[in-house]
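So, here's a batch of structures to check.
Look for subunit A in each of the two complexes below; its partner is subunit B in the first and subunit C in the second.
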Partner chain A sequence: MCDAGQVRLARILSVVPLLAAAMLAMPASRADAQSAAEIGQRVAALADSMKATQKLLNAERVRQALPLDDSLVVDGVTVLFPGIAIDARNRNAVREGIIDARRSLDERFGAGTSSLLDGDLWSITFPNHAPNAPFERAAFAEGRDPSARTRNGDYSLPLSAGEIEDFMLSRAGRRLMQRNAVLDEFVGVAFSFRDNERQAYVARRLLALSASSVARNCAAGAMSACRAVLNPQARDKWFAPSDSARPNARAVPLGVHGSLARTALDVGGPRFLQAISAPNTSDEPLVILATAAGVTPDSLLRAWSAGLNESGATNAEPTLAFAAAAFFWSGFFLLIATRRRPR
Partner chain B sequence: MFRTILRTHWMWTRTLVAGISLVVFLMPAAAWRLGGGRTILVGRSVADGMQALGPMLAFLALLGAFVLAVYPWTVDAETKHVYPLSLPITWTRYVGMRFLAGALTLVVPAVALYLGGRLAVSMIVLPPLLHSYAGALAVRWLLAAFVAYSMSFALQYLAGRRATVVALLIVLGIVGLFAGLELAGARDVGDAIGRFLFEFPGPLGVFSERGVLIDV
Partner chain C sequence: MKRFLAPLLLVVGAVMAFFVLVPEQSTMTFREMMRDRNPALAAIQQRLDAQQDSFRLLNGARGRLLALEIARRLPRSSQRFAMSADRGVPEAVRLSYERVIRDELAPVIGSLQHPIRVHFVNDVQQEGRPRRIAVLPRDATEPCTLVLLIAAGGSERFRPLTNEQVVSTCGFYATFGMPGPGVSSWLLETRGRHAAGFSLPPREEQNPRTRLTSTNAVYEPALTACVAGDDAACEMSWDGPEWQARMTTSDALYIKETRGTVAVPPSSARFLPGRNLSDLRRAMTDARFGELWRSDKDPAAAYLDIEGRSIAHFVRERLLLEVEPYRPGPLRAELPFMLGIAVAAVVAFAGITLTKRARS
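Right after this comes the complex of A and B.
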């Protein structure tokens, strides 16, 4: 009842800015240039207010659809459990994961980096609405809405602190990129503070197997090809005329962009974290990343390319330890086989 | 004596070994077709196809190795193991030689897989950064088959005629154990057991490792 009343009030309130904007807009046509500019600012402020009211309405709608039964606030991070309450064990894992992620960010990337997580809000949902049921899995989503675009995989239960830490490091990466609209679009959710040894290998493989010969040339070390394939404004250069690509096909997936951004972070260090919020001097993500890292675009590309080449092909070849383990188990089973002699 | 055991082992199992060899030889070419065979220039079709057929290769390693371990024992059992027990060597030594003979025959399908991989790769033009790992794939398969063979061998020589029943009981026991732990809310214990069994360096870790024919 109370919720319905709040929604009604919010709806009424949403009309007020509209009326006020209309009233202010009418005399604006008669006012001089200076007062018109002021009125324009007010209209913009009112438009922001309208957006906030709309956001409130949306949040209320989601809350009504999925009653919020439980939540957790740890070091400025809010975790919601819409429609369900989780047990102490999972709750502790969430708490530990958040604390570990904050510590990891501050220790590895400089004090204060963990502030990226301040005010973060995400939800843990259970598709079958029963966290203690057998074979149940959990899904993480950005914000309140479990159907959000940023829904993040399935996690087995009980949750582990390590999984939560990894998720929080990805969230921190996402929030950092959101500070720059161009990079946010360029990288999406593919940037994380998490150490991922396979990221360079995967990026190299994606480039080498791309349908775009330009991307393949990039993988082979051609800097001009890399620059073309990593530039969202150079769509016409992503594919060579001889390539057979579907219309609107991407030359490289976002994971490749993520590995470039990660290289920029490794090159720039704490400076990168500060500089990324500065106004852009270019529309090209590579230039923005290089500037934030304090190097030239070519230097960043060279560092990235060198990282890709170092990722090597060791993933394909079985290691000596792998072979040793196979021989060990074979010997173990052979020993067992000799234990019984037929009579 | 080992040469005799190897020769008899080969005579008993050669049809089976030839069958497995033929299937694994054709597997990379089938992968190319399964991947669409469309992008003859970039080799993505082989990479995609091998990803899809990877579990089939692991299954062949399991099944082939199981039959290779079981068949010679069955032949010996028909004569109540009179021949091996009459030999002037210990039982342990005889079992070791029998094991080695079977393990050596597994090299034949592994070589066939290597040749099939080389053939499939020769049909496409690889871009500069991509390489063929036909040899690495064959070695991975051989190691997996080797472990599967030794497990089947141990099961057969321990359980004798009841090996099939014991194998089924083991499978059912493992499934029941995981289901029971899940129902009891002890999923983390089940996860730990699963990790021990299926992750490197566990006994079945060789089956979890991804085998690729084409990679950077």
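Right after this comes the complex of A and C.
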């Protein structure tokens, strides 16, 4: 009853500013002639109102946010969450996800790699949650500020250990790249310790469908073209004169860079993880990645290009549905063909 | 073997039928997902939305009025093409836009049919990307003025987007001169929305990724009816009440005072396919389009006179390009099914042959 009353009151109150905003705009439509400067004053007043409302909304979000009154600490990773929202099953998923991610990092990339996650602090919040409604979507954000709107992950409940593992592997990748300023800028958030195959497939598509013919040549296997589009300092070589793209356009998105960095990790193994923090000997990300992987830039490019092509072949394999359909119809025809005819 | 095959087929068939027949769960749209379901927060958000709507309307009118005022008081230039800028406009932004404008006008720069004026404004109330507003000339003595509102003290990182149209309606003036009375009044009535893009890239020249990721243009009932063959729907799509209604919701303030201005949307390359002058120009020869441009009738009627057929044909042909299936890669989507049938035929043939042999 109390909730219903509050809702009604909130609805009534919401109409007042609506009317005020409408009144602010209405006289303008009826005014005979005003200068741009006069309307500019009205615009400035509206902008101030919007800022005030946004501030109110932020404050209300903080007030309405469920308290982060429970936590999990798993192998050095702390996760805060509202105890009411995360039941035992979801807690287990978070716990298993973190453990799996750490194990995967240590087993695949060398003991101690999981230390990239050490000291991480995450909050699980429910920004769009309605009171008395079931909990549906959980937002993962770094730190403990419930008003922070920057979400690093958004998942439906119930959480799965696989999702949390992928999330942690991505965050570990981000942590690694942050150790090198040039690479951090080169790949942004596009580097992950997750399997490279999907990323390589997406990178191949992005290259093949780029507005830049240089990038498309790279997708076709031209190493010099790849080197040009992957070099942030060679902007003038990203597009051929015949390409219909503006000078400010990007030849390839960050996902392609992420896939190259991921290949460098595969090639270099544990050595790459150590070498990435060393002082750079070049400004070119490709050279830095190749040096960290212990190979020449051309070798890295060839390995990357081969990975892209393999990913295309793997993704073109028939699906399970296709196999089931083929089996069904084959069997059906076989059954008819071998039926016993009445004598 | 048959004893096992029949039940196995039944099971596989049942599983397949389950996946085919069970309705897909409804997926939430991004907007629904982001909407706050807490009533107290939703009420404040609603208030903020209303303020933002008012702000957008009022600020839109302010920009048009400002452009109009500036265009009217700019000193006349003896040159057919002139560019100028307020003090304080970031040079990098100005240069990048100037380059785009010169590129767009390159085919006609040597033989401008109407003077073009470009002015960059250091606008203290502009935020984010530069806004482009074309101020149409009232007579042949006035230039077509393109006013770019650049955020004062704003970031220098703003550059024209890929395929961004800047010259807009002024490009038609530069190429074909002053429009005839019919087209002129049509431009004023529609506030130039159908003429905001001047040098739209044709669909086949567009970046394939844009084609793959852009929304399907044929999402309105009238457009679907047009594609299906309804001429009346095509004509209505070109210049119908639907556009008038849309215009009034996004551009409802100071209509009279801002008459003669055209607000250029940031991504006019994908703007109103099949319902803009640029597409129409591309579908006609330059000579015929010039005739249409100088006509004393509105474009639809002029098109009928010149081409001898209704504008509906042009709209439909252009929309059909939008719905044309496009699949990247060497494989066709039907190939797995065709392969499946081929495999089934081979197995069936083998079965029949083996059965015949066993019986003989």
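Keep in mind that, in the parts below, the second predicted complex is superposed on the first by the 221 of 343 C-alpha atoms of A that agree within 3 Å, B and C clash if a C-alpha of one lies under 4 Å from a C-alpha of the other, contacts with A are read in each partner's own complex, and residues count from 1 in each chain.
The rule is short, and it goes like this: a contact is a pair of C-beta atoms (placed from the backbone, for glycine too) under 8 Å apart; a residue touches a chain by one contact, two chains touch by 3 or more.
Note that the structure is a prediction, hence the values are computed from the model and not measured.
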{"item": "First (subunit B), second (subunit C), both or neither touched by A:A211", "value": "both"}
{"item": "First, second, both or neither for A:N90, with subunit B first and subunit C second", "value": "neither"}
{"item": "First (subunit B), second (subunit C), both or neither touched by A:A337", "value": "both"}
{"item": "First (subunit B), second (subunit C), both or neither touched by A:A220", "value": "first"}
{"item": "First (subunit B), second (subunit C), both or neither touched by A:Q54", "value": "second"}
{"item": "Partner chain in contact with A:T291 - subunit B first, subunit C second, else both or neither", "value": "neither"}
{"item": "Which superposed partner A:L157 touches (first subunit B, second subunit C, both, neither)", "value": "first"}
{"item": "Touching partner for A:Q199 - first (subunit B), second (subunit C), both, neither", "value": "neither"}
{"item": "Per-residue touch tally on subunit A - higher for subunit B or for subunit C", "value": "C"}
{"item": "Partner chain(s) touched by A:N180 [first = subunit B, second = subunit C, both, neither]", "value": "neither"}
{"item": "Subunit C-contacting residues of subunit A that also contact subunit B", "value": "205, 208-211, 244, 316, 318, 321-322, 325-334, 336-338"}
{"item": "Subunit A-touching residues of subunit C, taken from the complex the two chains share", "value": "2, 5-6, 8-9, 12-13, 15-16, 19, 33-41, 43-48, 50-55, 57-59, 61-63, 65-66, 68-69, 96, 99-100, 125, 159-164, 201, 205, 207-209, 212, 252-254, 257, 328, 331, 336-337, 339-341, 343-345, 347-348, 351-352, 354-355"}
{"item": "Touch list for subunit B against partner subunit A, complex", "value": "39, 42-44, 47, 80-81, 85, 91-92, 95-96, 99, 103, 127-131, 133, 136, 139-140, 143-144, 146-147, 149-151, 153-154, 156-158, 160, 182-183, 185, 187-188, 191, 200-201, 203, 205-206, 209-210, 212, 215-216"}
{"item": "Of subunit A, residues touching subunit B in the complex", "value": "132, 134-135, 156-158, 201, 204-205, 207-211, 216, 219-220, 244, 311, 313, 315-318, 321-323, 325-334, 336-342"}
{"item": "Residues on subunit A engaged by subunit C in the complex (per definition of touch)", "value": "6-7, 10-11, 13-14, 17-18, 21-22, 24-25, 28-29, 33-36, 39-40, 42-44, 46-47, 49-50, 53-54, 56-57, 60-61, 64, 127-131, 133, 137, 205-206, 208-211, 244-249, 316, 318-319, 321-322, 324-338"}
